[in-house]
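Multiple structures follow.
Shared between the two complexes below is chain A, which pairs with chain B and chain C, respectively.
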Partner chain A sequence: MSDLLADDPEWADVTPLRQYENVNPIAPIFYSEEYKDATDYFRAVVKAGEMSPRVLKLTERIIRMNPAHYTAWQHRYKTLIALKADLEEELRLMDDIAKEFMKTYQVWHHRRLLLTAINSVDVAALELIFLRDVLELDTKNYHTWSYRQWILTHFNNEARLWAGERPYAEQLIDADVRNNSAWHHRFFVVFSSGVRLGDEEREVVLRRELSYVKEKISLAPNNASAWNYLRGVLEFTNTPFETLASWVLPYTASQPPAPGEDVVDLDNPLPSDNAELPCVAALEFMADVYEKQGGDATAKAVELWKTLANEKDVIRKKYWEYRIRNALQKS
Partner chain B sequence: MQIVSNPAGLLRSGHASHCRRCLIALPSGQVEVDPSRIAVVFYCLGTLDILNQLSTQSLEEEREDWRQWLWEQQISGKYGSGFRPSPYMTPEDFSGTSSSDYDNPHLVMTYTALLSLAILRDDFSKLDRKGILRFLAACQQEDGSFSALPNGGESDLRMLYCAFTISSFLDDWSGIDVDRAIDYVRRCYSYEGGFGQTPNGEALGGTTYCALAALHLVPDTEKYTSKERLTSQERARTVRWLLQNQTSSGGFCGRTNKLADACYCFWCGAALSILGAGDLVDESALSDFLTRCQFKFGGIAKAPGERPDPYHTYLSLAVLSTLPADHAGDESWNLPCLDALWNATEDTAAWARQHIPAKQASAN
Partner chain C sequence: MPTATQGAEYSPTPIDGYVTPTSSLQASTENIIKSHIPPGGTSQAELQKRSHFEFLLRNLRQGFPERYTSQDASQPWLIYWTLHGFSILGAGLDDQTKKRTIETLLALQHPDGGFAGGPGQAAHLLPTYAAVCAFAIVGRPGPGGGWESIDRKKMYDFFMSLKQPDGSFLVSHHGEVDVRGIYCLLAVATLLNILTPELLAGVPDFLATCQTYEGGFGNASFPGWAFAADDPESEKDASASFDPTAPRPPLGEAHGGYTFCATASWIILQPYLNLYYARTGAFPSPSLPRQPQINTRGLLRWCTQMQGLPIELGGFRGRTNKLVDGCYSWWVGGCVVLVETLLGIGAQHEPPTEENVKDDDSHKVWDDVDDSLFNRQALQEYILCAGQHPAGGLRDKPPKPADAYHTLYCAAGLSAAQHRVIPSEARRKAVISAWNAEQARAHDSTGFATASDAEREKLDLLRRDTFAHVLSWTEEEGTALYVGGAANRVNATHPVFNLTTTHSDGMLAYFYGQTPPSRMPSRPKA
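Here is the complex of A and B:
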């Protein structure tokens, strides 16, 4: 029994429209029989301007074969609106398609259109919960994160939407401290969403963020995501790198400090016992501090850059040598 | 430093025939490129162009057919003119050049069609220049970004790059509101130093290239001279982040703490080249990584051991043209220079510069 629309009585009233192609096409695709059949009927549907329940079935069929088929998505959305379909039901129908084709942009664009049309904070809150499931499959999926961030800014509701986001990013960072998407999300939630500036005392936020990132660095010092976050926090708040110099210094040593030497300072956690030291990012950080101090300190920066160039980060040798040339020119 | 790990060198003829095969036909598993076919055509033709094998891998009649096919994708309608991805939505009884709401020009396809036609040394006498400027205006959004289609669709830095490049091809910026677009680019700048795909997005190699190329293509405006588009502190942060993406494998990753991928070797490498910092890349480690991404029967994959495709093949060759390593006289590595802003060989870029802009009316 064939599964083609050509053999389906429901479609007997439609004459399929084959694809136009001139004699010598470049890079033609060998379509499967099913895809050719469905898109032939789709061309006819679109030409006739048909918007009906069977069009929803047809576009879903095409999308499952080719989720990048943006015209099928466009016409599907138009049909849903014309039929005054239940858009929340459409979201649920699209849930497994979203998971299966999470790397396809159109999947997320469609949901964005649906959420905009539904225009309900309750539905947006449910959507954030659904996205946790999706991100569990791939915690760094770019489209999914962009869509999540769009929901937050579009609906902009503190109690129902924003409030859960910092703990959520924290949970993901706890599971994988090198998940840069989660670090980025934290930065977005804390600083760069714009609408939230002034929510909390700047000083309190700065202290909280520094204490958070320092703790994560102490557990896994060689983690570019955390160091980039630290630098971002300092730069965003115009806090000089120098203020953290005494905390960073132990990370530039060859070995963790001997136990019991210092009183435990929770605000300034030391590298853990099994940390791989010295840490490249710490050497870089201290060199930046010395460069900024200038004068006699420049020589100390140059020493650190030489260590990076020749021993600790040889793949960026030319970069560290460039930093040396630059600093010496300035001094 | 010399590279000794791959005595076979760059597998030029294998890469050329991989792309040549794709130009003849794509398997049904490639159905996802149905709505972006011209982009695939560009990666294939671009590969043959960089390898200087277009004339050995195709006949003149064939290239004439290809030009004709590409021009058939130029369509016009209420949103102006541009190129559609392929006739995938065009009914068999189609004649003429009219677009419809379901068969519209697409920004990325218009950019890649123009480059493909330049590679095929077309004279561009069929180009509807005024229509294209109207199309660009129709794609620009309130926030300064551009959408792929005039009636919606994805709207981000990639589309903005295409709109800027098309304006630069035409040497005519009247189709777009440049200041508003630059405002948008600046809003995509992330604390890490890269640019996200949209404002507030995570720093990403591909869109960082798009942002930097766009900022360097556009002429000065009253609001933004070239110096004001990126401060020296921002530039330093971007260079740092881009170089940090070169991993111990020698290849570049597209985001912090991700694995290296051949395409990000181009996006990050070319971005550095645009910033005048291409010489800071470890080219031999980069070249060694790409050597290992070569598939033994031709084509280059995103990572060693993966399946090759025209996209990764083209971008790998493109970065090797932009940031050549020293291969101690092994001629298989000789590649032409690349125009990193347009993503075309210098010869093709020169052809485009000569033929795409409207001819100035002569004085008499």
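Here is the complex of A and C:
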């Protein structure tokens, strides 16, 4: 038996609408028979403005063949609302589609519309759990992260939603210290989305975050994600880079410190034994410190930028030379 | 010509003896890319123009295989990627192809304005941009030329119907908000002369909130604390309860695609920012809102940080600690010149005249021919050695297949690395001196009515300055750089629109009713 709508008595009352009439399209796509059939009927449905249970079946069919068909999603959403459908059931139906097509915008936006309409913190909390499963498949999936951050801000419940987020980001950073999405999430939770419950003492938060990121840098010093986090924290809190200069200096040396050379200072961890030094990000950091100091220190910044331009980071030679020109113009 | 990476070892990204999933994937990718470094060095790398032509021609004439069903809601994109690919590679189109393309595009115009991803689909900002760009390539004034058939009044109404209280736009009805949509809308509104203060209200403020602590931009920001409602489905007027002190956090990390879209939008908005906001500095006007700020230095740092190491052949990545991908050659590599422009770096050098040649300093400036702040040479090496698929078309990275999207954005990235196209103050002045405000106003089809004569004059200035600004982008003489030799030359592309200036100039002149002075003939390098 054919699986086409054209052979289905349920659809006998609808005249399918071909995609192009009287046009010989340039650059056409060679669709499968099933896809062509479904979208021909879908065009007719949209034109007639039909919103019925069979439209839900049809749009699901199209979405499974092409999850980027935003009009199918749009019409499906309108139909769900018009039919007063059970939206939580819709969420569950969409779970496997979300996992299978996690790189598609519409998959996530549909859930956002559903969550908005359901308007329940309980459902939002369950959704965060579901997203943990999804992010396990791809810990850097952009849409999933962006959607997770929207859930947190939209429902904005400290105890039920926000409370688990910093530990969650930490868990992912522990699993892969180079996961930039997890670092961004931490910054989002701790800084850019305002002040979390228990985080009201901002000095304490600053010390905690600096201590955290310094430890992660010491584990694997050549990790741009961690350095960007460090710089971001300092800039966001208007903390001068200079306050960390003495901690950064050992990362600009050409060798990790010999064991036992220094007293262990948990607040200022030294580069690990396997660190490949000097670390480019540390050289950059110190140059920023010297540039800010100005005066005689400018020459020290220029030296570091020259080292970066000519030896340590030659791919960015032009950028480092620009930094030199810019600093000399200012001084 | 020495290669960019000559003398440097192809040393791997340092991992400090600390292996994680990210470093493992990075290391295996580096090994693959490294194996594509030609034994004789990269300076002999050849752009396989013929096989790329054939790839594009096959897609255009015969069509796309079934796996492109995923692009069924992006049909204008398939057309734009293919046609602009031809433009960059230096091929014109025959009249029959143009005619067929115009007919196809017109079948995608939505009855209520804007363009859809396919016939019978809903209008959407992204296909609208792709369709209008495709029209710039194949269309012309007059009957059958396509341009007259673009319903700009309905397009404007469609745009306004997507507007949100925080200044952003949905990409489609019931769709999401993100900066790709903003860029597409602004590029189209600029090309079609439908910019108004009503359309642009709050857009800069929204964009500024999308910049993350890393310096690049994320896909959107959360409006709900500042604007009471973040629910686009909500009917209530949230603008009534604006709280300027509430955080509007960025959603999603800094990303190459969004960073390009936000930066190009910021460039388009410069005239609007200058006219409708108080300038920062000594004499802020109390009656105008304060200009929102972006961190341009942080943005420059982020963009340049995205360029890969010599072992990655200097390709660009789209996020910190992710893999290089040919498409970011354009999204990030092509973004650098936009950021340089915002910082005022390397504005077009005045060509030497008898007067300033006497001046030693200006002579020095003229000698320094390349102000680009990314490694143009290395980026070309990536595209030529890793980005080309042996069977034609360009790609993300080996061993991936070629596709229509990567073919365009690798080609555009190659173009951005070969040519330095920047605003020319001389050209901007020339365009302004030939400006006809009445014609431009007569070509306005938005139906937007200004409240006073002063407001009308301000809108005239917005139109004029925007028009002159986008028309002023010109290739800086003597700065072209072709890895592998001049046979690898591709055409320059406009850094804001990603169209050749021939195509964007033609469309702009038509929709603003202007006859801008012709571009200067190429002058030999001094």
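Throughout what follows, the second predicted complex is superposed on the first by the 323 of 331 C-alpha atoms of A that agree within 3 Å, B and C clash if a C-alpha of one lies under 4 Å from a C-alpha of the other, contacts with A are read in each partner's own complex, and residues count from 1 in each chain.
We adopt the following convention: a contact is a pair of C-beta atoms (placed from the backbone, for glycine too) under 8 Å apart; a residue touches a chain by one contact, two chains touch by 3 or more.
Quantities reported herein were computed from a predicted structural model and do not represent experimental measurements.
Of the two partner chains placed around the shared chain by superposition, chain B and chain C are both touched by A:27.
Judged by the touch definition given at the top, the superposed model places A:228 against both chain B and chain C. Touched residues of chain A were counted for both chain B and chain C, and C has more of them. Once the two complexes are laid over each other on the shared chain, residue contacts for A:236 go to chain B and to chain C alike. When the two complexes are overlaid on their common chain A, residue A:145 makes contact with chain B and with chain C alike. Chain A uses residues 17, 19-20, 23-32, 35, 39, 43, 46-47, 65-71, 74, 105, 109, 140, 142, 145-146, 149-150, 153, 178-181, 184, 187-188, 191-193, 223-225, 228-229, 231-232, 235-236, 315-319, 322 to touch chain B in one structure and chain C in the other. Those residues of chain A that touch chain C in the complex are listed here as 17, 19-20, 23-32, 35, 39, 42-43, 46-47, 65-71, 73-74, 77-78, 105, 109, 112-113, 116-117, 139-140, 142, 145-146, 149-150, 153-154, 156, 175-181, 184, 187-188, 191-194, 219-225, 228-229, 231-233, 235-236, 271-276, 279, 314-319, 322. Within the complex formed with chain A, the chain B residues making contact are 22-28, 30-37, 40-41, 44, 62, 65-66, 68-70, 72, 86-94, 102, 149, 151-154, 190-192, 197-198, 200-204, 237, 239-241, 243-244, 246, 248, 250, 255-258, 277, 279-282, 285. Residues 4-5, 8, 13-18, 20-23, 59-60, 63-66, 68-75, 78-79, 82, 97, 100-101, 103-104, 107, 116-122, 124, 172-176, 212-214, 218-220, 222, 224-225, 230-231, 233, 247, 249-255, 298, 300-301, 304-305, 307-310, 314, 319-322, 345, 370, 372-375, 378 of chain C are the ones that touch chain A when the two sit in their complex.
Of all residues in chain A, only 17-32, 35, 39, 43-44, 46-47, 65-71, 74-75, 104-105, 109, 140, 142, 145-146, 149-150, 153, 178-181, 183-184, 187-188, 191-193, 223-225, 228-229, 231-232, 235-236, 315-319, 322 touch chain B in the complex they form.
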